[in-house]
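First chain A sits with chain B, and in the next complex the same chain sits with chain C.
Now for the complex of A and B:
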């Protein structure tokens, strides 16, 4: 018995080693970016991989002020918050309707939404740009919020519909018997019960919106979001090389728990032209 | 209180409820019974307003409610699965309808506490449904209905998810509740013990149609047809093939028996089904038939004896004295007045 327990512990330790290495590989880019962001220009050139010896926050101040990150940051926060809020609201309402209500054409609507998932963004970029321009929404945060909502809504609706379909229909019927109308059923019953799915959706959509460059670049051409700002920084010769690691720190802020953030961090930590 | 006037429900081309007419008096406890798929739950949901009515009318409390929203009908429903809101406490569940009505928190609490006391739920008001047992959840579901003080209570198989002991307890509680509140109650079940013990009147449904409506004892003693005779009673009534031997006598299991009290005359040679309940086969006097015992279901105070009166004539008899044994051949007696005759179409011959 004791021998078996010892064997089990040993095998657990053996399994723990590759897992720890994997975990380190995810953490390392974050360490690399933060470590370099705190270095002076000289410190960075002399020892790119070593631990910072004379930490400074000047790089953050430069990025925040001179590279207009403060403005980009506000843009990103407002646009992401607006789009995610709108996405959660709409997808919860539509998901509830598609999952619980009986109306003609319900299946067709759901299939059409599913079909929309299969169209890559790149295919519709030109008509999308013309539509945004035609509506006078170019270079407006509202335009970008609506664009994100339009592009990410099909998946959000699909997820919420699938979640609400798993809830017992009797809950809706009980609420109707209790006198709740459509919006009251949604507000008092479906929305609180949909919290786990909404939380997941909120995280995913925040990542999509925060990390997006392509749609943002098209809609918000003059004002820029943080990601577009960082992408532009990488091609620019004006800011010092030290501005980019702080930039990648901003970039990582809302998405440090995701794999996409790891990808973002890796690319940010890659060598760039001084 | 409730009037169903030729109501029908069709799903596509399939008729689930077929022209049902029924009146439920105020304060009455009516139970819908029938086999699975007979439409009893659909009929209840049509009264509740949860199912659209394809044709016909529903009147509740003297008002036409065919197209009214569920809440506007003044009915409350207890669901089979309880349908409690899992994110709300017991008090919030019970007070939800009052909250929707716009009642203040203090008034809601007072009304919820009053209803909770009736159901012994006062100590559970702050718990979530997940922290309750099946019986407690069922009581909360009933409490949620009570707190609204509806004109009509609708129960859709409310006890089917409970274990046998709890089911008996809850059955008594529901009966007590009906005596206390004196509201009209419509109850759906497939359990005929529930139907027999709770109902003022039973509605037996089959294939979306009403087979018979009546008091439990009327349905048991005087069924209109073969289906009701077989459906009401456990174990079910024995049906023996017979042939009319005269205007008021039948030949059954090798015996010629005169059936007293028949108002119609049998045509000699007419095929009939002779119905006899298991408890009527152990009379102390009457016509005697031998039974070869094949199986004994011993229940302690009594036993159900399965055997054959003749080849291909199986019967079940209720045995209350002694301990019958498999393989024995025993004499059974029945009173011819307990025989029920049915024609080839299953209609009762009276």
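Now for the complex of A and C:
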């Protein structure tokens, strides 16, 4: 028995070796990116993989200023903050209602929301774009906030409902006995109790919104969020791109390139206007 | 009488709260879904005029080689599903069993999951290039360099591997949460009775983890079907040829490059049907877990 335990301990030490390599692979690309971002164009050409010898922050300044990243950054921050705030507000309200309140069709509403979760953006790409356009929300940050909220809401509602489901309904009844209105119960009882779930949701939704490319590419064509801006810089690691005048590498709205006919060509990094 | 008014207030509040959420979902998801379905039966070309063409779009889709390739690619990608479940489960198990450095591994594995697919794609673009760091490493140990993103097979393999790399940390985390619900006393008792690692895994751990395995399987499948756009967009742009074109990317190409919304909508409808089975499974699992 003791021998078995010892053998397992040894196996764990052996397993730690590939696991450490995997961990290293998780860190390496980040090192690679930061290391190269600090190099000058010359330093990058001379030694692509070595440790930076002539650190410079010029690339960051270029990205921030010339490549309009300051503008993209503001867009990303505003849109993410708006969407996450709206998502937390709506999902905690709806989660409270679905988990605690009694009303006809409750189960149906819950299943319908889960079903809406199954409609991915890809499936509604064309009409979704037309809808946004028709509502006059194209190229507006409000439009993107609403779009994000609509697409990440079902999952948020699901999580909040499941969380509030675990709380006793007596909480609601006791507060009601004391004369609290439903909105007050939500504000004073449900919101504070829901903090762990709301925190998780806040983090997840921030990641989703901040990292999204596709929805942003559709809704905010003129103004761009950070991730779309970075995607448009594909191949920017080539030094020629760094030293060329602004505008030649970063076309703001290359709608003309959408006529290029080759499928799967490298020019895919351009927003399109149907 | 008093009871009745209480019930009414409850209903009124519920309706009031549900209304904005329902409206958002209706406008941005349900209506576009139905609209897209209608669009798939027309020859809409983005200029305003659209005539009913019946199933012509669907016939064209089925005959389209790019679509056939995308479908084959989807099947190939989905066939890797066992890896997506077993690798994170194994890693979570090893961390749970107290592998040396386990806490560091758990934190570091989550790192790629935080990165945007655009960032991941941009980094691996440089790493996997013919003159990139992976080939430099291969050359250093005396192996032949491979044009990872330039050949059909290796491009698809690279794409899937990079996507796996960028999401496995999340699955590890989910499995860790599931493992923490396992009855430790039962596990210890089995250990005292001489049950080896694999026996404990088979008879205690896997049965307990079943709901988690189902959940990860469904979430992963949906991710594989619809979550790879950003990575394809930055890493391979669907190429070389159609080697890494998946339906979701094809829809975007048809709509954007070739400006054929009716045709794109038909592909969307096919993708939706493909997803319906998975979606149904997910609704069942999720509504069971929420116990409603």
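Keep in mind that, in the parts below, the second predicted complex is superposed on the first by the 215 of 274 C-alpha atoms of A that agree within 3 Å, B and C clash if a C-alpha of one lies under 4 Å from a C-alpha of the other, contacts with A are read in each partner's own complex, and residues count from 1 in each chain.
Throughout what follows, a residue touches a chain if its C-beta (ideal position, glycine included) is under 8 Å from a C-beta of that chain, and two chains touch if they have at least 3 such contacts.
Everything quoted here is computed from the prediction, not taken from an experiment.
*Asks:* Taking the superposition as given, does A:168 touch the first partner, chain B, the second, chain C, both, or neither?
*Replies:* A:168: touches chain B, not chain C.
*Asks:* Mind working out whether A:178 is in touch with chain B, chain C, both or neither, as first, second, both or neither?
*Replies:* Only chain B is touched by A:178; chain C is not.
*Asks:* Just to be sure I read the superposition right, which of the two partners does A:81 touch: chain B = first, chain C = second, or both, or neither?
*Replies:* neither
*Asks:* Name the contact category of A:189: first (chain B only), second (chain C only), both, or neither.
*Replies:* In the superposition, A:189 contacts chain B only.
*Asks:* Determine, under the contact definition given at the top, whether A:57 touches first (chain B), second (chain C), both, or neither.
*Replies:* In the superposition, A:57 contacts neither chain B nor chain C.
*Asks:* Thinking of the overlay built on chain A, is A:151 touched by chain B (first), by chain C (second), by both, or by neither?
*Replies:* second
*Asks:* According to the contact criterion defined above, which of chain B and chain C contacts more residues of chain A?
*Replies:* Per-residue touch count on chain A favours C.
*Asks:* For A:207 in the superposed arrangement: first (chain B), second (chain C), both or neither?
*Replies:* Touch partner of A:207: chain C, not chain B.
*Asks:* Hey, what residues of chain A end up touching chain B and chain C alike?
*Replies:* 176
*Asks:* Could you list, by residue number, the parts of chain A that touch chain C in their complex?
*Replies:* Those in contact with chain C are residues 1, 4-5, 8, 11-13, 15-16, 19-20, 22-23, 25-27, 29-30, 32-33, 36, 48-49, 90, 93-94, 96-99, 101-104, 106-107, 109-111, 113-132, 135, 146-147, 149-151, 153-154, 157-158, 161-162, 165, 176, 182-183, 207, 210-214, 227-228, 230-231, 233-235, 237, 258, 260-261, 263-269, 272, 274.
*Asks:* Spell out the residues on chain A that touch chain B in their complex, using ranges where they run on.
*Replies:* For this pair, the touching residues of chain A are 168, 170-171, 173-180, 184, 188-189, 192-193.
*Asks:* Over in the complex, which chain C residues touch chain A? Could you list them?
*Replies:* Touch list, chain C to chain A: 6-7, 9-11, 13-15, 17-18, 20-22, 24-25, 27-33, 35-36, 39, 46, 66, 91, 94, 97-101, 104-105, 108-109, 111-112, 114-127, 131, 133, 136, 165, 169, 191-192, 194, 196-197, 222, 225-226, 229-230, 233-234, 237-242, 245, 247-248, 251-253, 255-259, 261, 264-265, 268-269, 271-272, 275-276, 278-279, 282-283, 286-287, 289-292.
*Asks:* For chain B, which residues count as touching chain A in their complex?
*Replies:* 48-50, 69-71, 75-77, 79-81, 83-87, 96-97, 99-101, 144, 148
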